[in-house]
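In the two complexes that follow, chain A is the common piece, with chain B as its partner first and chain C second.
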Partner chain A sequence: MIKTSATRDVVTTLVVAALLITIMPQLIGTYTLTVLVVYGMLGLSLGLIWGFGGILCFGQAAYFGLGAYTYAIAAVNFGESTLPMLLAVLVPALFAAILGAMMFYGRLTDVYLGVITLVVTLILFKFINSTAGPQYKIGDARLGGFNGIPGFQTLNVPGRPNDYIWGDAYFYFCAIALVIVYLLVTWLLRSSFGRIAVGIRENETRIALMGYDVAARKTVLFAIGAAIAGLSGALFANWAEIVTPGLFSLGQSAEIIIWCIVGGLGTRFGPVIGAAGLAYLKFLLGQQSMIDNTLIIGLILVFFVLFLPKGILPAVTDIWRVSFGRRKRRGARTRRGRGGRQHG
Partner chain B sequence: MDLTFVILVEMLYAVASLILISAGLAVVFGMMKVINLAHGEFMMMGGYATITAVNLGVNIFVAMLIVAPLVVGLIGLVVERLVIRHLYGRLVDTMLATWGLSLFFIGMVTLIFGNTTTGISTPIPGFTVGNYQVNGYNFFIILVSIALLIVMLAVLKATRAGLIARGTMQRSDMAAALGYSPDRIYMATFFCGSAIAGLAGAVLAPLVGLVPTSGGAYIAKAFITVIAGGPSLIAGLISSSTLFGLVSQFFTFAISPVIGEVALLVAAVVLLRLLPQGVTGKFFKGKL
Partner chain C sequence: MAETVLETHGLTMRFGGVVASDHVDFRLEARELRCLIGPNGAGKSTFFKCISGLLTPTSGHVFMRGEEVTGWMPHQIASLGVGIKTQTPNVMDQLDVFENIWLAARRFHDVAEANRKAEDVIDRLALGPIARTNLGELAHGERQRVELGLVTVGDPWLVLLDEPAAGMSAQDVERMTDIIHELTRTAAVVIVEHDMQFIRSIAQKVTVFHQGAVLMEDHVDAVMSDPTVRNVYLGKKA
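Up next, the complex of A and B:
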């Protein structure tokens, strides 16, 4: 049963992804779509650690920015993109592992966790902003302070620094990367590690009493989330072709949290769709100058917290079940029996 | 000698401004357990209220000390009735809703005042000590924050209203059983917290160029000060403000202002790791 539901899960993911990848470029330009995909991956990273691990990180933007900066700095130094991509995943993961270990072994929870991650993001933001002078450089890369780092080597075919991957090809690259990450997250959540992570979210004390090392598991999950955020940061750097301190800003962190809330916590697809949807909405709002778009984003967040705290995806699933689920109740129940809904 | 005096004033000023920034949040978060991420925007609106009032011809001190707290307090009241009221006890949800509110206010103020820097000049002239120029306004800020602390302490400790408010925050069901409406008391407390935030924003307004996003500069400092302060309202506020103010000023003078800011944040992380219950979770226990 588990095997078939897992297979069905993978097949559904692949079919939906293939459909979206073919249809969406007809509707929205691939340039905009690329950044939506990148944000989707960023949303997924927080959706994983918050929705399934119960760790509310206010500083997911820190790993996003760290990934982007690592990529940019390494790309300037190496003049090639394969190793920088790997570093952009490893450095944020390592940073998160150290920070996470400090917090989780100190048994810090919710509010304190939120404040520390927020403060760390601020420290990075302030520090990077102040590195305008020529004395701040790593290898050949000048950090550039407020202006950021422009003009680094963008993504190329491994081993051939002159064959750039850009335009449509880059969109497909990002989309496939997102699908792979999504499948990896699916696999992780189906593994015993993922199930215990959900257990920790539900009742930390009970899991600890069962003999699991809660702090270590939370640290690892936190680092995995950071690795995904770092990867999306590197992809973003390649798309924007410049990295600026704005990547670390509180506004960026806020947006990631909003994506997860709006899309639906405790689901994998919710944060992805929330991120892409809201980023596109912001893009559309940016084209009109009538109303400031911060105002609308703010209203959306308040509205969702008050009226739809579970997010869009669970709400839609509920409506679907109420209107169409009755006839198929039997089939639905056996599928749900294996926790299929949990992983929605 | 002159330098010592100047540094002393600067340190006192740093501590005082931290107290001002955090006092409103200490009431809203420390007492009511509402994580108000729109605190910075309340301060920002206090600043705008002051500037608008001054431009309309109101005396600047009246504008700062009376108009701004009232305006922001009323905004806080509306916010409490419309949003916060439904979210008491849901920590994460209040945090997210108030974050939404903060974005909403930024958008609103941008819409009304435009995305430009506004400001007013400081009403108190500076003077020189030896070779150094001292900003006279710093003394005003120190005075206001001392007065604010004394008033807060007096209200909470010596008046019936303060006693009822503290009691309700501890056991709202008991307060209700004794005939007080927790709903109203929460509303009034939130009003006071917002008003204090408005006052702080107003008093600090002449020192900064005000933009709609300037609330962001306060919010992190306010939070770490209140959280590091711990359960006791006033003792926590004073102790953590003193600690962070001294640390940041020390590094500001020793190295640079940016390092001073970073040192403050690092100190906060280290302190929270060592004393997760805050300073007053360990020392000054049971004090107000």
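Up next, the complex of A and C:
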């Protein structure tokens, strides 16, 4: 039972991913698709810690930006991309681990957690913005203030700095990276760690009274979320070929939260689809000048909060169940009645 | 002479000017069942919270199996093998009965053993038919039973229960009594309770709290017939 449902999950993921990766490039250019995939990964990072860990981070953009800047700075210094990619995952994770430990061991409540993550993002934004002078440099990389860092080494085949991965190949690289991260998240959520994390989301006191160190577990989950956001930041840097302080902006942070709400909190695929969908919508709206696109995004958010508070994915699943799932569901129930376990 | 599993020396808790717990000296032996009673505001729950780590006492000491645990976090105390049930139901509403109990079992066992343990407890507490139902959809008595299940699944040697019978039907209370009796075969149990009927049916030794301090400590019958206790507690309640 355990094996089969896990296997089914992996197979479904791979089949859906293969279909999307084959079909989508026929409909949308791979250049645009790449950034949608990157945003999907960023959405997934918040979807994991918020939807499953109950940690509402208002500053997920901080890790996104940190990942992008770490990659850019390291790439300028090393002249190749493999080590910078690793650093772009590790630096945000470490930063989040330290910040998270302070917040969670300090027993901060949700509101203060939101405020602190928000303020950290603001500080990073202000700081990076004010680094225009030549004295702000790390190794050979000048931080460049408002102008950001252009012209760094982009992704290359490991060990061969002159073989760049770009264009269509880069899209496939990002898509496969997203699939791998998605499967890792799936695995994490099925593991004891993931199940306990969901328990923490549901009732922190109870989990503590069971003898689990809630602060340590939240810190680890927070760092994992930051690692994924950092990776998406590095992929974004490679796509844009420039990093700017705008990555740390509050607008960016707010957008990630909206992706999760619209896509469906507490699901894995929801935040991915929410991110890609809304980002594409923003891209389309950006081509016209009649209506400001933040207005539309705002309207969509209000619409979802009012009418589909669970988000797209749960709504679609519900409709599917009501219209087609009758027989299947009854079958599942009898199976459970015989003592089978769904995810045990 | 049985082993002492829980001991407090001069346990005091102040909230501003209010002394909620006043130099409480308390001893509990292995496999003992002890009820803490007293009128509202007598300091039972404060005392309970101090020993379970939910509050850090202002002064005094708490020992568990000879080890000083004063000021420990709840998760550290629970890790020793202490099962704790708080006054308000603390369960995970969006998760089903099995998952709730499994999470508690997983703390002390590997996955396979936790699966077995959880099934075991579900059988023992007759939760089988609702094992896949989310806690949020259950009746109050069932939720209490599940919470008792997840407190006991880790095979604790000390169980702390704050008002386990509150708001339960007579039938549920009866079942709860059986469960608690079974618990005392392996664990010492401390129960904070209001329900005199329930206390009479399970308790032997009772500790009476009054104004933060221990008023008396004796067999339940002796306590019930004591005039002072009647005045401070039963008299007020009746």
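Operating definition for what follows: the second predicted complex is superposed on the first by the 330 of 344 C-alpha atoms of A that agree within 3 Å, B and C clash if a C-alpha of one lies under 4 Å from a C-alpha of the other, contacts with A are read in each partner's own complex, and residues count from 1 in each chain.
Everything below uses one rule, namely that a contact is a pair of C-beta atoms (placed from the backbone, for glycine too) under 8 Å apart; a residue touches a chain by one contact, two chains touch by 3 or more.
It should be emphasised that the depicted structure is a prediction, and the values quoted were computed from it without experimental measurement.
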Exercise for review: State whether A:Thr294 touches chain B only (first), chain C only (second), both chains, or neither.
Suggested key: first
Exercise for review: Go through the superposed model and pick first if A:Ile180 touches only chain B, second if only chain C, both, or neither.
Suggested key: neither
Check your understanding: Between chain B (first) and chain C (second), which does A:Val302 come into contact with in this model arrangement: first, second, both, or neither?
Key -> first
Check your understanding: Is A:Arg195 in contact with chain B, with chain C, with both, or with neither (first, second, both, neither)?
Key -> second
Review point. Regarding the shared-chain residue A:Met210, is it in contact with chain B (first), chain C (second), both, or neither?
Key: second
Practice item. Identify the partner contact of A:Leu83: answer first if only chain B is touched, second if only chain C is, both if each is, neither if none is. Key: neither
Point to revise | Touching partner for A:Ala18 - first (chain B), second (chain C), both, neither | key: neither
Review point. According to the contact criterion defined above, which of chain B and chain C contacts more residues of chain A?
Key: B
Check your understanding: Which residues of chain A touch chain C in their complex?
Key -> 192, 195-196, 198-199, 202-203, 205-214, 336, 341-342, 344
Revision key, fill the gap. Counting only contacts in the complex, chain C reaches chain A at residues 52, 73-76, 78-79, 84, 86, 90-95, 98-99, 102-104, 106-108, 111, 115, 132, 150, 154
Point to revise | chain B-facing residues of chain A, complex | key: 56, 102-103, 106-108, 110-112, 114-116, 118-120, 122-123, 126-127, 129-130, 250, 254, 257-258, 261, 291-303, 305-306, 309
Revision key, fill the gap. Residue positions on chain B within touch of chain A in the complex are 35, 83, 86-87, 91-93, 95-97, 99-108, 110-111, 216, 219-220, 223-224, 227, 258, 261-262, 265-266, 268-269, 272-273, 276
